[in-house]
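For reference, the structures are reproduced in the following blocks.
You will see two complexes here that share chain A, one where it goes with chain B and one where it goes with chain C.
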Partner chain A sequence: MTDLERAALLDQLLRYVREELETGLPADQITPGSPLLETGVLDSVRTARLLAHIRTAHDVRVPPVHMTGEHFRTLETITDLILLLRSRAASL
Partner chain B sequence: MSLYSLVVDAAARTPRALAVHDLVTGLDYGTLDARADAYLAALRGRGVRPGDRVLVWTDKTTEAVAVAQAVLRCGAVHVPVPRSNPRERVARIAADARPALIVTDHDDRVPGTVCVPCADLVREAEPRRETEPRRETEPPRMTGPRPEAEPSRETEPRPQTEPPRQPEPRSKVASGPATAHHPVRLSDPAYILYTSGSTGTPKGVCLSHGNALAFVDWACRELALTAADRLANHAAFGFDLSVLDLYGAFRAGASVHLVGETLAQAAGPLVDFLLERRITVWYSVPSALVLMAEYGELLERGPGALRTCVFAGEPFPLKRLQDLRRAWPGVRMLNWYGPTETNVCTSYEVTAADLARTTPVPIGSPAAGDRVWLADDGEILVSGPTVMLGYWGGEPQAGPYRTGDLGRYDAGGLLEYRGRADDMAKIRGYRIEPAEVAGVLVAHEAVRDAAVLVVGTGPDARLQAFVVPETGRTPGLVELRRHCAAFLPPYMTVDAVHVVDGFPRTPNGKVDRAALGGLVARGVRA
Partner chain C sequence: MDFSLSARQKERYARTKAAAEGLPTDSAAAGLRREQWKELVWKRPAGLGLLGAAVPEEHGGAGFGALDTALLYEAAGEGGADTGLLFAAAAHLFACVRPVLEFALPQTRKALLPGLCAGELIAGNAMTEPESGSDVSRLTTRATRVDGGYLLDGVKSFVSNGPVADLYVTYATTDPEGGYFGSTAFAVDRDSPGLEAGAPLAKTALAACQAGEVVFTRCFVPDDRVLGSPGQGQLVFQTSMQWERSCLFAIYLGQQERVVRRCVQHVRERRQFGKRLADLQPVADRLADMRLRLESGRLLLYRACAGIDGGEDTSLWVALAKLAVSEAAVATALDAGRIFGGRAFLAEYGIEEHVRDALPATTFSGTSDIQRRLIAQEMGL
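Showing the complex of A and B:
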């Protein structure tokens, strides 16, 4: 994994959340480090939609054990989780 | 008989059977029992006495379950508060419950209270193992986890290769003063569940050992729970749905599989969880199942080992329920009803006959030994063994409990739910008093006045806020959501903010909530 890959992935997620997730928030208020719970970005409906997006656009299924507050705190931590799950899948 | 004896008895019968499993760790009954005793000694060491409250502010872990058992064994009152509650709200709950101790599993602290991490309690319990002489006649009782049980990644109950230990007389096991279980009466308070309050502060619904056992006994019979069952625990510990998952499992010697607070919000992975853990009994709000069907292919991938699916907390959208029924003809489905104050007081079994209906399924007929009837104005009244002792700090509950829910009887004499007599609302099964949210909004410096209402139903329900700003200020959605997040649990945050000059009023001067709802429909936004 390169820094470039990570940046591209984060950018893509950010664009999805800003433009398609219907958070009700103006785009400039959502940043890579925004706390997703505190800003109300991730409720059960939007969490389900975001996970569906991660599955279709990035081919990553997040297993139940990784569905924790730590991994889903910000878009940055979600990016790291996707990369972790990808590298695991690749090493199998 | 007490609520805590369920684990004690199961540990005596089947010490090696899986009792509780969180996302990473599983504990068998013997280990859970020993762990509860270790926490009990530590709580006593911290000065917790019978009747004290112990607030447990943690994520959903096996440790939190063991702590809860310890609190009950102490004769104290368990106050579970979901981890996702912000410090300010926990402080308000603590101001009401006045706990001797707040047990945590994180670094957040509530000023003016004694906060202790689980890990510290474990450490405090351990020296006891060294210093306390163990009676020769006693089988070894470990205060730490069994090596084979932690970090156990198994999702399997261990096969019982050795015969169960002989049940020991309780008096012998609990002979040490540090771990003797305090004898409780059925009428003693067991736990307090804090729910949204119309006065702006959370209110504590106080339930006794007898209240809980009346429900659990009924539910175990109704669901025919056995030691082979594997129950999912979707609801947070602070919600009454958890009482079935935990104590129903313990009474049957079955296992309960804890769904963490973040996983509970994730429809797709929840379906994986249901299948991987081979869950046999599921209990949640309908919204969770609707989202699992919509985003997690629940109908196509399930039901796995599921034999019974129970839902409560809000009406199940009829078409979605019929889809589920059609997809899983072999799974028993039950629609339960009851506010936190009564736990479950009516039940209706959904069958193939309901595939033809065009109106929502009834909430059914009285359950758990309760009497349920309608007042002249249609309000649902409940009396019986599951009705709470009262609100914490308030008068004891006297006479039937008035639910504030409106009902009517269908042609067959079954009870149907019609809505609320007051402003209380549900969002995805979560009970919300709009006044509590409005009270928090008004505390924001840019807000002069606020009104809150829920628009939509089921998964589409949204919390709409109307705010009258202070002169020269226009509070934005992000600002107000962050403000809400500091004072309220996540499910109570506002979905949209509408800035208005003033509120439409009814002729008698009250905020005209119907007219406010009309503003949402017309698309007035911040």
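Showing the complex of A and C:
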């Protein structure tokens, strides 16, 4: 996994959350490091939509054990989670 | 794609249906005290293997998947087991036992599951709050971290099996700023200090399932009774709902089967205008629509169960099945009312009871509007 690939994934997720997740927040308030949980960006409905997006657009299913606040704190941590799950799938 | 049941499934279905015919509808059950209720009523679904159907044999269950579990509940419903009692068994299994199985620590599973499957322990699902029905993301019940566990404070309403339960699966906010990860699931003993189970609510439907309030006041729950990790409450709840929204509603397939059969018999026997009701085209059309609703819902429900058993993401199928079956149960019970005419209003014919028992199906486990929202979400709207 190159830094370039990581940046592309992060960028894609950022665009999805800004443009399609209907957070009600202006795009410039959603950054790679901005908190998603305490701002209410990831409530139950939007978390479900984001998980569906990760599944369909990135072909990654997040198993229950990884469904924790720590992994969903920011877009950066979500990017790392997707990369982690991908690398595990690849090593199987 | 194979739409037929195996010989083994057919045999089990027939056996369960026949056994359920021996289970009387018992409106008096709603008034029984806890110990009596457990002794006289709860052993009936236990005897049919309903309480631990979807639990592996090593934990005391039958080891069935979702489809075989649904078939068991459908057969019991078709056989004529009381819909409220089947609902009580299903709330126990899908909303409580499954979360313990899937999310509790190994020692907690070992301590609780055999008793829950055998009918020695009754479980109550304590999610709903007076101010939080469909919106489960804003629970006012709080869990405060203390040494060795949590202190729960809050009020849960409409707790199915609440007045009679030995164990509650409940959900509380652990991090008010945590968004989707702000709540945690717990399995709490009835005799925990600070837990008070209220009296049965006077309900107009599903009378055999007692429901009531549960109040937590600085109620201590040890760490080994947390289900999943702290913050995974929504995940635990949603996982249990995948089972409940599919398998529980098989009860209403069985119930519709029973209603349709009675209507067919009635229209073939009763004569008006010099002919059988069955020979009147509007009556026949109505019966055809009832069959269409039943079979459409059944296909969706089996599809959802097959998805669960195959490890697929089944959110779409589960929401479609729940919506179709619950709305079909209401429409078909009302149609039966038209077919039975004046008799539908006589309690002895049981039609009004079918209507009363069908109506809440469009509300519990997520209303029809919530199911439509989930379907829209899965469509990427």
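As a working rule, the second predicted complex is superposed on the first by the 92 of 92 C-alpha atoms of A that agree within 3 Å, B and C clash if a C-alpha of one lies under 4 Å from a C-alpha of the other, contacts with A are read in each partner's own complex, and residues count from 1 in each chain.
One rule holds for everything that comes next: a residue touches a chain if its C-beta (ideal position, glycine included) is under 8 Å from a C-beta of that chain, and two chains touch if they have at least 3 such contacts.
Just so it is clear, the structure is predicted and the values come from calculations on it, not from any experiment.
Following the overlay on chain A, a clash is recorded for the pair chain B and chain C. In the superposed model, A:L36 lies in contact with chain C only, and not with chain B. Of the two partner chains, neither chain B nor chain C is touched by A:A57.
With both complexes superposed, B is the one of chain B and chain C in contact with more chain A residues.
Residue contacts after overlaying the shared chain place A:L25 against chain B, while chain C stays out of touching range.
By the touch criterion defined above, A:A7 reaches neither chain B nor chain C. Judged by the document's definition of touching, chain A residues 37-40, 42-45, 47-49, 52, 55, 61, 64, 67-69, 72 lie at the interface with chain B and also at the interface with chain C.
Across the interface of their complex, chain A is touched by residues 23-24, 59, 83-84, 260-270, 272-273, 276, 287-288, 291, 294-296, 428, 459, 476-478, 481-482, 484-486, 490-491, 493-496 of chain B. The part of chain A that touches chain C in the complex is made up of residues 36-49, 52, 55, 61, 64, 67-69, 72. Chain A meets chain B in the complex at residues 24-26, 29, 35, 37-40, 42-45, 47-49, 51-52, 55, 61-65, 67-69, 71-72.
Across the interface of their complex, chain A is touched by residues 102-103, 136-137, 175, 177-182, 228-229, 231-232, 234-235, 238-239, 313, 315, 373, 377-378, 380 of chain C.
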